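Got some structures for you, see below.
What follows is a pair of complexes built around chain A, which joins chain B in one and chain C in the other.
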Partner chain A sequence: MSAAARPSLGRLALNGAAGLSLLFILLPLIFVTWLAFFRQEIPSFPPEGYSLKWFAAVPGQKAFVDGFVLSLEVGVLATLIGLVLGVPASLALVRHRIVLGPAVNTLLLLPLVMPGIVLGTSLYVFQIETEIATGWPMLGSLGGLVAAHTLVVVPWVVRLVTASLAGFDRTIEEAAQNLGAGPWTTFWRVTLPSIRSGIVAAGLFGFVTSFGNLEMSLFLVGPGRTTLPIAILQYLEWKIDPTVAAASVIQIVLIGAAMIITDRYVKLSRVV
Partner chain B sequence: MSTIAPEPVAGGRTHLAGALVVPATIFVAIGLLGPIAILFRYSLNYFVPGQFMVDGLTIENYVKFFTDSYYLNVLWRTVRVSVICTIACLIMGFPLAYVLARTQSRFKNLMVIAVVLPLFVGNAVRSAGWMTAFGSRGALNASLMGLGIIDQPLEIMFTETAVIIGIIAVNLPFMVLTLQSVIEGINRNVEEAAFSLGAGPAAMFRRVLWPLAMPGILAGTILTFILAMNAYATPVLLGGPKFQTMGPLVYGQFAQQNNWPFGGAISFILMTATILLTVAANLIVQRRYR
Partner chain C sequence: MARLSIDTLKKVYGDFNAVDNVTIDIADGEFLVLLGPSGCGKTTTLRMVAGFIAPSAGKIAIGERDVTNLPPWKRNCGLVFQSYALFPHMTVAENVAFGLEMRKLSPADRAPRVAEALRLVRLTGFDERYPRQLSGGQQQRVALARALAMQPDVLLLDEPLSNLDAKLRQEVRVEIRDLQRKLGLTTIMVTHDQEEALTMADRLVVMEKGKVRQIGSQRELYEKPADRFVAGFIGRSAFLDGEIAAPGRFRTAGGLEITSTAAKGTGPATLALRPERIAVAGDAAASANRFEARVEHVSYLGALLDVDVKLSGHDRMLLQIPNRQGGVEPKPGETITIGWAEDAGLVYPREP
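And now, the complex of A and B:
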């Protein structure tokens, strides 16, 4: 009896510990969401009542709206450029024996483990040097920001696309070529569709990495040109109220929806 | 002719492979290694107040950091907070990662999304959640006082405790996802084998699961440690202006003091400290589990 009861008790403790950790991860989001529906402005508990008025106030916050638009622009551009650079590189790395292949692979993944603060300071001085050398306005420009964000998107693309290529059966391509398809037709009609899930996942992760980037972007944004995470940070340094919470809730809902939709095409539990 | 024909094709292929990989490689090499080299060069320059930056070759900025107890304290505090957060993440993350890896539940995807979603919401928003909870009239104090456990609000906001809690919550998903992918690769039969040979759950964990999961444990602790060392939003928002860690210190030197040489030097010290501690941990773990 006791032998049978003990594992299930252990099981219960294990599930309990796991549940507590999950709750701990979600707790800050729960608090922010709760605050967004407060009636009074001061975040004191228990709330005096509930209201939806703060959501109506969000579009009036110019910093949040501009930040959202800029983050969206930068995220989309950096993801597209990152895919254009990263997908061919992954194909070459998996398919061909390249001189220094492992070294190239490590280099392409390096921005992922590079501390954001170090990346931000280095890119800041780099962009200043480039400005001095060429006369192009870099620092605080859209181009400078997109280039920096592309740098953190590329590793995600390389990591996820090489992973999806590793399980790919090359004989299918050979079959297509035997049936008369040229290299381009083979690529577009056979190779690309079969690594689509990897590319979709790479696009999603690249985009959200760029959209949420704070530490690196902090050094690269210019006056009047701020991304959404930095706009939220600057607001929070000043005060916390239901308006910023409502803006956060909108962000949580958008990202959550994007993830659930992506999950229908690519199982997130497989790619993360 | 026929023996020569395949040659250009093969040559074309390597050519093609080069053409595919070179753009990304050049982009990352110039965009990553170039800036780091320039930052290192800057860190050897002089800073003359009023004159901004003067070209030179000096280690004065590094000496300044290591001889001033204020800066050494900031470095020590950052390392201490990072170590505590990393250990806490490992202890809290392992059970969740194990359950996620082994569950047959149809809600598994939803659980994974619940772990991943906070990652993408951003550090600032998650700090906002803790700010709501930790304030003197926040959720935590209000409920503790409502329950009659305390009669004075706890001072959590703007303390090291608040920063540690905030960073753990930020880094825990990374640890869980890294551990989960490794545990999923461990065949369940080896656990069953340990049990059928008479090992209890604790012995099975210590002798089978832990050693087999070691690559994931290493990868997860390294990742969370790097992130904790370089945290910015969490210490700024939950620690307040008086609680200095390396991230905000670097930012302050660039944005407020305009002291680029010193800022560059701190940035380099931060990077080197992170790498050294990571390598040291790696060596210790490898020696114990070989």
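And now, the complex of A and C:
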């Protein structure tokens, strides 16, 4: 009896711990979502009633709409550039003995662990110095922002694509060549489809990282060019009504939907 | 279809000769097997023919075409990989059609050839399946169909049966052989499995340490092994080390005198005897060479008994005695008489 009960007790404890962790992660999201439906302007408990008016107010906030468009623009561009740079870099790192290969690998992953403030400060200084030296407008330009965001996308691409390349059977590339496919055809028809799930996941996580980036972007945006997280922060400096919560809920829903749709085509749990 | 010639082919890695001056001519429609222990250079040779490894020296020609410096995609060799290497994201039909697509055939022209290839390997109706939905044996046949569909000049098989279970292996062996004969395909197969090699090949090449030890039919390799390595590798042999005392006389390390027509020249040598040529007890009465042997160990193998015997302090050998009704069944510790004819053995000079 007790022998049978012991493993189930362990299992119970494990499930309990998993449940607690999940709750810990979800609780802020749940509260923000709940708050977005409160009727009163100053958040307080218990709610005085429920309303959808804060959602209706979001499109009226020009700063939010412009911020959303800019974040989308920067996110998409940075993700595409990040993939174009990161996929070949991963291929080179996994397949060829490169001088200082492990060092290059670490360097490419570094932006992921570097504090946003540090990254932002150094890029700020770098862009100003470049602007002074060359006369090209850098700081506050779309190009400058996209370049910086590319930096935080690349680590995701390198990490996820090298992971999917590690389990890749290279004999299928040989098979393609044996059947008459040249190197390019082999890459497009055999290699790329095989690491597709890694690339899609990298694109998704890279985009989400760029879209939600606050600290680094704070240093690099210019007048009239503000990303959504910054627009939300600026709004919060003056007001704390649930419009911010509603804007956040919209973001959560969009990102959640993107993940669910992606997961239908490539199993994200397999690559991340 | 074409003949294939491999001419003094060489592959050197650093100071290691992976393939050392290999020369083989394969006739149109011939099934040639490269056989040898792992690391003997057989797979390296095959991969050089396919174009995946650049030779250090030598020449490879398919028909009149010198392919030595051509990339793999211009060689028109159908290769069946040990791991099958099917494209996991393509259906069976797409896998088989890939080679035809690369040859710029229109979809309408591809379809009948895909259907024909799948019919040959008895996989009609599996067109829309994905490789992961197939058993190992079926995947193997898709790999074969994919190689056949593009009508290669030469078919290359890299240990194609090693991932199949024993029973299936027997069937597929026969199937591949029949198909190869029917299509008249010039074929090279690489294997380390002696039985597989003996049942499938028209001709065998025994390789060791990058060198060709012997090329010949099954019978030639078994009855006239070119050296001690082949004598031990193809079938079994009992070996006695010693020296050639005089023409026709071999003296073992333990001092036994053996008359052998194969003993020519002088110097240290090894006498190799096929187990079935060694007679035991009453059967040995008329043999030219007769010895008393002490039984050391007996292994029961069903149809045969493996018997380790000691002829003297320095001479031991392995006998195989048929396990038949009323036959001899030696016990460890017993002394039995064994014997063989003058022309039973082969003598090889000792290798350095």
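We adopt the following convention: the second predicted complex is superposed on the first by the 259 of 272 C-alpha atoms of A that agree within 3 Å, B and C clash if a C-alpha of one lies under 4 Å from a C-alpha of the other, contacts with A are read in each partner's own complex, and residues count from 1 in each chain.
Here is the rule we use: a contact is a pair of C-beta atoms (placed from the backbone, for glycine too) under 8 Å apart; a residue touches a chain by one contact, two chains touch by 3 or more.
All of these numbers come straight from a predicted model, not from anything done at the bench.
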| item | value |
| --- | --- |
| Clash-or-fit label for the pair chain B, chain C on chain A | fit |
| Contacts of A:Val190 with chain B and chain C, given as first, second, both or neither | second |
| Chain B versus chain C as contact partner of A:Pro229, first or second or both or neither | first |
| Which of chain B and chain C A:Ile250 touches, first, second, both or neither | neither |
| A:Leu179 touches, of chain B and chain C: first, second, both or neither? | second |
| Following superposition on chain A: angle at chain A, chain B versus chain C, Cα, nearest 10° | 100 |
| Between chain B and chain C, more extensive residue contact with chain A | B |
| Touched partner set for A:Asp169, first chain B, second chain C, both or neither | second |
| Which of chain B and chain C A:Val118 touches, first, second, both or neither | first |
| Overlay on shared chain A, then closest C-alpha pair between chain B and chain C (Å) | 5 |
| Where chain A meets both chain C and chain B, residue numbers | none |
| Chain A residues touching chain C - in the complex, by the definition given at the top | 169, 171-172, 174-182, 185, 189-190, 193-194, 196 |
| Sites on chain B touched by chain A in the complex | 13-14, 16-18, 20-21, 23-25, 27-29, 31-32, 34-36, 38-39, 42, 92-93, 95-96, 98-100, 108-109, 111-133, 135, 137-139, 141-143, 146, 166, 168-169, 172-173, 176-177, 181, 201, 223, 226, 229-230, 232-233, 236-237, 246-247, 250-251, 254-255, 260, 263-264, 267-268, 270-271, 274 |
| Interfacial residue positions of chain A with respect to chain B in the complex | 7, 10, 14-15, 17-18, 20-22, 24-32, 34-35, 42-46, 85-86, 88-89, 91-93, 95-96, 98, 104, 107-108, 110-111, 113-119, 121-126, 129, 147-148, 150-151, 154, 158, 208, 211-212, 214-215, 218-219, 229, 232-233, 236-237, 240, 244-245, 248, 251-252, 255-256, 259-260, 263, 267-269, 272 |
| Chain A-facing residues of chain C, complex | 50-52, 71-79, 81, 83, 85-89, 98-99, 102-103, 146-147, 150 |
